[in-house]
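These are the structures, in structure tokens.
Each of the two complexes below includes chain A, the first together with chain B, the second together with chain C.
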Partner chain A sequence: MTPSYWQKIGVIALNTFRETVRDKLLYSLIAFAGLVIAASLLAGSVSLGQDVRVINDFGLTAMLVFLLIITLFVGTQLVFREIERKTIYLALTKPISRDQFYLGKYLGLCLTILVAAVMMAVLFLGVLYFKTKGVSVSAVWAIGFLVLEAWLLTAVGLLFSSFASPISSAVYTFCLALIGHSSTSIWTIAQKSPVALKGILEFVYYVFPNLEKFNLRNEVVFNFRPDAVQVIAVLGYFLGYTLVVLFLGGLIFRRDEF
Partner chain B sequence: MNFKSVRLIDIAPFFILLILGTVIYISQLNYDTWRWNSPGKIQTTYNEYIEPEPLSAQATRYASFGATEFTADLYWLKLIQYYGGGDPSGQYRKLAELFNTVTDLSPKFLPAYQTGLLILPGEGFTDQALALSQKGKKNLPDSWEIPYYTGLVKHIYKKDYVAAAEEFNAASKLPGAPEITKYFAALYYNQADQRQVAYALFQTIYQTSTDTYVKDRAQKYLGHLDGEFALEDAVSTFHQKFGRNPATLAELVDKKILSALPTSPLGFEYKYDAQTGQIDPGK
Partner chain C sequence: MLELKNLTKTFYQKVDKVVVNNLSLKVKKGEVFGFLGLNGAGKTTTVKMIVGLLFPDKGSITISKDDHLSLAAKQRIGYMPESPQFYQHLTVAEVLRFAGQLYDLELAQIDAKIPLLLQQVGLAGQENLLARQMSKGMHQRLAFAVALINDPELLILDEPLDGLDPLGRLDFKKLINSLKKQGKTVFFSTHILSDVEEICDQVAILDQGKIIRQGTPKELIGRGKKSLEEVFVEMVSEVKK
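For the complex of A and B:
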């Protein structure tokens, strides 16, 4: 029986997941994230009674940083490594389109990021439970949005890796992440700027990914939970932006000569 | 093992490593001896006090890339180390700035406003504390703690009892305010004895606060005021007995009015005016 379109993508995705999960760098990064999350207990002990706040902020920021590092160092090398090792020829000689290959790679890396996020989240929520004897639903929401942000950046990293070297892709993705998290500042500066500069800054604000939409970390300490409208809006933005980026990446990958 | 087949070239790396290790050890010993026993050519000072130079809140916000609460936590920890570590000059010039940065980055960080209102006036930054209070009232309009603590500051440091009464009155109308807040507002408006009221205020803070530092601080103020009351009562007793005020506080001990002079848990020195017989709480 011929596998369906999505089954082929699933096979590539699972294979990519197995390949990335074997990467020792991934476990080092998760271990370091664990150390930072555990160290937040120490920082919390000298915070004059604000230990829960410090654990929340340090833990979630550590998760963001390490998920970003995983995206940068693992994700941007995916396609490049296949091309360098010439294993891509083996894959593309099979009855599989370049689009399916590209999408499979993306979904496989998303699965890896999800597993890494779950491992870090278990440790973080465990530390939080140790302190508060409860589970913070706001923190779980923040982690969920964090994973969406990492998936969006993965799509961006994959786009860059389809035409640039791994180092360049990592740098471009990192810069985009910084711009994405500065979106609020960009908008504020734009409103105070002359017309020409305002136009440029507003263009940057709308075209570059607005990662602050996924930022619930600042609200966790106040037990904020997003309402339905916010969740739908963020999901819609994530799906729309990711699909556009994947489409562009797929277009470039289709035209690549290896 | 056949030692005849072992060549010098096989064991040479081992001996080279051993010699190098010995050289490193001896040179390290010599260096340590030189450093501890002579002034050395390079003057260095250890444990040099470096005053924090916080970025402006605006700049910090831009540099935080969305992690404003995390950055506020970093500045909060820095503030604790700065104040807790001690400023050799005793001036804590950057204290108000640090509180401002923390609360600009995290406008709803209530304990920062509370701690600022407790600490800043005691270090001579009363106006900055009141400015912090204004910011706190704007960002946390439902917090009874901020006007309550502001009332304390206006009473003790500004001696503006009407303004203090207004603060307590405002606090008493906010959700969660202790019952006694209304009582304090009434007391001030009726121009009751201020130190007694301050004592009751600190007692309320000690009883209601869940923050260990704030509780500890309130307890110390209670101990300080106990000392003041004890000295005032002793001066009054001395005057009744000898028809004059004591020349110094030590005379209270000499004449057996007190067994020992009280010491302030806050580290303040009680000052005494022999002319008027008044005790100044000091700083």
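For the complex of A and C:
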């Protein structure tokens, strides 16, 4: 792979990023997330001695929800919109492979999510600083893991959008996110189930992403910081799962006709 | 320069439809080749297969002996789609930079080309206009500029004169003629016969996915005093019988 191979992916990624950041929907979502995070200050003030915990829970959950909404509404629509508006012709008829285009789209979306997460994080950490007069390192870790989760779900959303309509893709991705956050429960139920059901539940557990691996929200209040082993394990899981999903999406996209 | 061999494409729907049927043709270097046919004859499907947006069921496409999907082949072509659309948030200059970078051109190189290209297609001074603020005719002009950004050896134009006002059509015909003088090969599909008569060296008439006649405009018209339009209507009617 020559530098030009990656440069072209970069061109697609930057264009995707530019396209999404010039979309009013993204700003509306970030502004709304900002309001919800700011409201955590109010929620914290009415709780008895639990204000920091409430702000953490409220803020991090708001970030998770809004990053998921961005993934669902922006990520799953992007390729479909390119096809519908025929703007995809502009790139695919040039000396660029379908894989480069697909990967560029994904990376552009990841950049958008990162910027949205940074904007929300600044506000959330600001609220936390206002309350505690300090920066919570464990909250920064939790946000980092949240971003990884959103990036993984973006790859899943892109995969769905390569063969389904935007609405179906958004519904599938949302369901997958719900299942992914119930992984621990699914495993527990599987161990107590009859053999046939156990097999199905274990299949679901292994095939669907275990999004609880990215969940540090409950630990933030205890000032928990992941050690190197946990960070490497989570990064490895994220990379492995995302690469497989991107590979599958790329395979489908290679044969798509426009 | 461009060779299509036994190209076949079927759209599998409730009733399968063979849109391009065992089509073969050759376009020589420096030739302006008109690909003529009624609506639904298979022109756009053929063009989309050449540029890699659709895949043929059978047959092959080569551009200077390279497979049409290879990066080397794509590097040599410039494509203008029918009813071109652009990213709404990009300006004219940004669209050209985006396209140029995908051909491995340096930004400085692209920026130096932009004023000249826009001059050629009649969009001089419109660098900062957003795509969403542009009319259909302006989209056509920008699409032509995009097709020229890499100084291609082969231009593939799908209905390039459609939607243009008379002045725009005249400008485009002059541009195609000047490209021909520069030794460029132009393959364009159209259903407007007067355009073909004026600018094409070779013409192929397509009907129901098959070439029913090919030759120079003069050969097709023959010695009679008929216009190409009359000849075209006769040929298509004969096939339909």
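Please note the rule applied: the second predicted complex is superposed on the first by the 255 of 258 C-alpha atoms of A that agree within 3 Å, B and C clash if a C-alpha of one lies under 4 Å from a C-alpha of the other, contacts with A are read in each partner's own complex, and residues count from 1 in each chain.
Operating definition for what follows: a contact is a pair of C-beta atoms (placed from the backbone, for glycine too) under 8 Å apart; a residue touches a chain by one contact, two chains touch by 3 or more.
Keep in mind that what you see is a predicted model, and the values were worked out from it rather than measured.
Asks: Would you sort A:P95 into first (chain B), second (chain C), both or neither based on which partner it touches?
Replies: Touch partner of A:P95: chain C, not chain B.
Asks: So, does A:V54 touch the first partner chain B, the second partner chain C, both, or neither?
Replies: First partner only.
Asks: Residues of chain A that sit at the chain B interface in one complex and at the chain C interface in the other, please.
Replies: No residue sits in both footprints.
Asks: In their shared complex, at which residues does chain A touch chain B?
Replies: 43, 46-50, 53-54, 57-58, 60-61, 64, 178, 181-182, 184-185, 211-212, 215, 217-218, 221-222
Asks: In their shared complex, at which residues does chain A touch chain C?
Replies: Interface residues on chain A, with respect to chain C: 4, 7-8, 11, 15, 18-19, 22-23, 85-87, 89-97, 255, 257-258.
Asks: Under the definition above, what is the set of chain B residues touching chain A in their complex?
Replies: So the residues of chain B touching chain A come out as 61-62, 65-70, 72-73, 76-77, 80-81, 108, 111, 115, 210-213.
Asks: Tell me, which parts of chain C touch chain A in their complex?
Replies: Going by the criterion above, the answer is residues 48, 51-55, 71-72, 74-75, 77, 79, 81, 83-87, 89-90, 95, 98-99, 101-104, 146.
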